[in-house]
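What follows is chain A paired twice: with chain B in the first complex and chain C in the second.
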Partner chain A sequence: MSGATKINVRVSEIVPLNELVTRFKFERTDGGQLPTFSGGAHTVVEMKDEDRTRLNPYSLMSDPADRSAYTISVRRDDEGRGGSLFLHQKVKVGDEMVLSNPVNLFSLDLRAKKHLMIAGGIGITPFLAQIKQLDRNHGNWELHYAARSEDLASYARELKSEHPNDVHVYYDVKGEAINLQHLLDGQPLGTHIYICGPKGMINWVRGTAKELGWPREAVHYEEFLAPKPGKPFEVKLAVSNKVIEVSENESLLEAIERAGVDAPYLCRGGACGQCETDVLECDGKIVHRDHWLDPEEHASNKKIMPCVSRFTGKMLVLDR
Partner chain B sequence: MAHMSKFEFPPSIKSRPIWGCLEARAGKHHLMIADGEGADAILNIAAPDLMAKSHVIYIPQGTDCAARLHALKPAQFYKGPSYLASLQRIRRVLQNSHMGLQVYLAGTEGLMGQAMQEAVTAGIPHTAIQTEHRGSVARRMQCVHCKGITEGVEIDPFVCSHCGLNLFVRDHYSRRLAAYQGVCVDAEDPGNLPEQKGIYE
Partner chain C sequence: MTIQFNDETFRDDYSFRNSAWAIKRFPFPFDKDDYMYSVNMEPHAGGREGSVFDNRFDVDEHYVAEMRDRAMVLDQDPLRCQSLPHMTLAGWDLLELIMEAKSEDYPDLFELHRDGDKWRWINKPMGIDDTFTFLDETTLPYGPMEYITRQTQGDFAVLDQRDDNLWMDAGMITTQADWSLDFDIGMNFFEWHAPVPLAHEKGIFVRALKYLLNIQQGSPARRLNWTMTVNPLLDTSPENYHKWGVQKTTLTPENLGSKQHLRVELQTFFRLPRSNAMVFPIRCYLCAFQDLMSVPKWGRRLHRVIRDLPEELPVYKGFAANRPMMLDYLSKFDDGLPTSPGIWPEVKTEPALQM
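Up next, the complex of A and B:
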């Protein structure tokens, strides 16, 4: 079976935080302890929605040292493929679900002398766990958190009251914005930047840091791409000798799994590289949506990341 | 051979550092540390606007390059008699620096290795530090038996300047120590030594 080891859990608490975000707490069904994790890790939540199974990654936001429960905060995406709507509308306290063991693709670089965190909107979640981890080790950190409004800024009030000097919140509706140039200029040697938020924010921070001469190795970011819907297409799986149909609201990876073919994955968001698959024949255009393959690999049409990428054209044959 | 200005190191094991070629990078502050013929690598990238933001720390090692470096009008220029003599200054500069500082190291492996160790300790990822080898190919060696460091080793095997063992010059490098490892070559049969030769002969 692909992906990280599975854990059977029960939903023990559901707390709506605001109009868009709800928090879910999970405890093991056997009453045992959950594995520890490191701040920035995510879990893949298995959602059985009638005849289809969704596997969506969510950052763990609870204290990494608390092994009694995991918590995630989920932003409702009305335009998405339905994972967040399923959690918001169909999951109830007491429901049994399946999570994956934590996987961390956004870990702290503990060699850093200072951790400078930049969050946009729901991108705050991995930082909540990282802050708890750093506080336990007396780490040096600072958080800059941009949100649309006070009402939608999940956890801003708690963070601000617990860490009044280290947390800075910016509200779009008030016309506030991070003065990035000023923030990055003058940070002590050994500072590392962590960014989690929308693509535009990630590009803005990475670009500005580069211009100011920050080393690439000191700039970390996490952007999960939710697989976007698209036109249905057909794919031939050469090894398993199957032809499968990928429907509009399903990812290629999900369609492969639905056909009973075991395919590797970890993040399911185009970031980790685990599901990289060789393309044997391609008569058409691969719609690459990952940020794992480099531009040359995208242009070559020889590789595809089935968790987020799609295809349009006559024929696509995969080595799977 | 030992003083050829640009030496092509033979391919080796993964542990062996691969030195690069300096290029001017974006940034508000630049720290350039060089010894001997390393001055030439700085002269190669020395545009006036870059030098106006640069602090140059230079150990001439008997060369006459210091005047040419000084003539580039760096923001700050220091000429020291040895690496050790310049170390306090290097540490002070790094301590007061901010992210965005660009570090350029040029010259012998011993200088680059040790200065890199300081920059890494100060918080710069080692892969973000630029280097260019120039001048002597002599090595800074650590005796793996007594842990003593012998500087400027040009022949293999050599005698440890601390414990006196006959040491074989390995390509196995320690970034933490900024030294190659020297291992006793005649432990089984004391006195039975391979013929001494230049490291790259």
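Up next, the complex of A and C:
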């Protein structure tokens, strides 16, 4: 079976935080303990939405040492393919669901003398777990958190009251912004930067750090791509000898799975590389949307990451 | 299951012996009549009952003697155990993993009692009964990695994962096939594998690293590796080459069957949950040629594998000089009959030697 090991859970609490974000708490259906994890890890939530199965990754935000429950916070995406809407609208307390074992693609570098965290919007969630982990080990950290408004800044109040000196919050509506140049300039040697937020923020911080001469290895970031909808297309799977139709609101990976073909995956967000698939024939254009393949590989049309990428054209044949 | 622990040595008088039980479960590494490097990894999720694959950390009749040998090595050379400062959390991960696994898999030998952070660990074969505070180093006689690996067979490389690579940042290495933790500490996956011939050209390490980086919590993997050792030596380290290297010249046609050992490493890979590091246990099993020859299938196959190896491998593995003498010995156990696929001895179905 593909993906990480599965855990059967029950939804034990649903808390709306603001008009966009809702928190979900899961406990094991057998009453046992959940695996411990490292701050920055995510879980893949399996959603049975009528005849289709959705698998979406969400950062674990609970205390990694608390093995009684996992919590995630989900931002409603009205433009997306429906995973967050399903969680917001259809999931009720008591429902049974399936999670994957934790997977960490946004791990702390434990060599760091200081961890400088930069969050944008819902990108706050992995930092909540990392902060709990670091506090237990007396780690040195500082958080800069930008949100649209006070109402939409999930957990800002709690963070600020628990860590008044280490947490800095910026509100767009008040015209506040992180003074990045100044912030990065003033850091002690051995500091590592972590960024989780919208693509623009990630590029801004990475670019500024690069200009200021930060080593590449000291800048960490996580951006989950939700697979974007797109025009339907047809794909031939050579190994399993099937022709499948990828509909507007499903990813290529989901369509492969729906056809009963077991394809490898982990993050389902274009980051981990696990689902990399060889392209045998391509008469058309692959719409690459992943962070995994390098620009040369994208240009070659020899590889595709079916979790997020799509295709337009006459014929695409995959080695699957 | 009750294990009778051997009173034996891996040095000086070499009283190490495999019982009939140990020979039957020896992890013979060749699944066909020829051998080449490959990414031969599979899930480490149990195996044939009683085999070395059955449990997460195999405990066998050599346990107590191996731990005694490790203590002697560490006494003479403390640098065989090292842990860079950022790896302490991974050490706790490893301690937890081993204590949970052993107490679940061998409840008659090991017990773990947890009351929050207060843990009590009982290791009956070694006569240990310790109480300590989880994640508090000051409550253990050694660091967490050293503490638990002084009580667990096999070497342990603890690898930090960062920058899409694995880094040898901690380890307990006393039963190694001629490599040095003190030399490799801080190196990345490609650096510490640099001396291996042929495999780089085949792209083995690029693929192996990709596989390892994606190993997930709760889904460990394993593979077998092998080499040759004259005399049942656990410590074949570069640091002590002056002591054991010369022993390779003591082989004669008369003593080869008892002195020449096939050395097999059961290598496993586990994701460590709190640190997101990896642990790479390398468990060494030794078997004298004369004991291997008691299994007709293994006799036939070992001759064919050793005979047909490309020259680079015996040179790298350090048995090129003794290979002709080995082949003279092994050829007497190869009657040319076909062998069944797979590593298992198949003593009931495989015909006896026809010569």
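For the reader, a short list of remarks on this structure follows.
Methods note: the second predicted complex is superposed on the first by the 320 of 320 C-alpha atoms of A that agree within 3 Å, B and C clash if a C-alpha of one lies under 4 Å from a C-alpha of the other, contacts with A are read in each partner's own complex, and residues count from 1 in each chain.
In the analysis below, a contact is a pair of C-beta atoms (placed from the backbone, for glycine too) under 8 Å apart; a residue touches a chain by one contact, two chains touch by 3 or more.
Keep in mind the model is a prediction, meaning the values are calculated, not measured.
Of the two partner chains, neither chain B nor chain C is touched by A:S12. Of the two partner chains placed by superposition, only chain C is touched by A:P64; chain B is not. In the superposed model, A:N104 makes contact with chain C only, not with chain B. Measured by the number of chain A residues touched, the leading partner among chain B and chain C is C. In the superposed model, A:F37 lies in contact with chain C only, and not with chain B. Of the two partner chains placed around the shared chain by superposition, chain B is the only one that A:L189 touches, whereas chain C remains out of contact. Within the superposed three-chain model, A:K113 lies in touch with chain B and out of touch with chain C [touch as defined at top].
Contact with both chain B and chain C is seen for A:E217 once the two complexes are overlaid on the shared chain.
Applying the stated touch rule to the two superposed structures, the overlap between the chain B and chain C interfaces on chain A comprises residues 111, 217. The residues of chain A lying in touch with chain B in their complex are 111-113, 184-191, 210-218.
Those residues of chain C lying in contact with chain A across their complex are 86-87, 89, 135, 160-163, 210, 214, 216-219, 273-276. Interface residues of chain B, counted against chain A in their complex, comprise 25-28, 94, 97-102, 122-125, 127-128.
Touching chain C in their complex are the following residues of chain A: 4-5, 35-38, 40-41, 64, 101-104, 107-111, 133, 136-137, 217, 266, 272-274.
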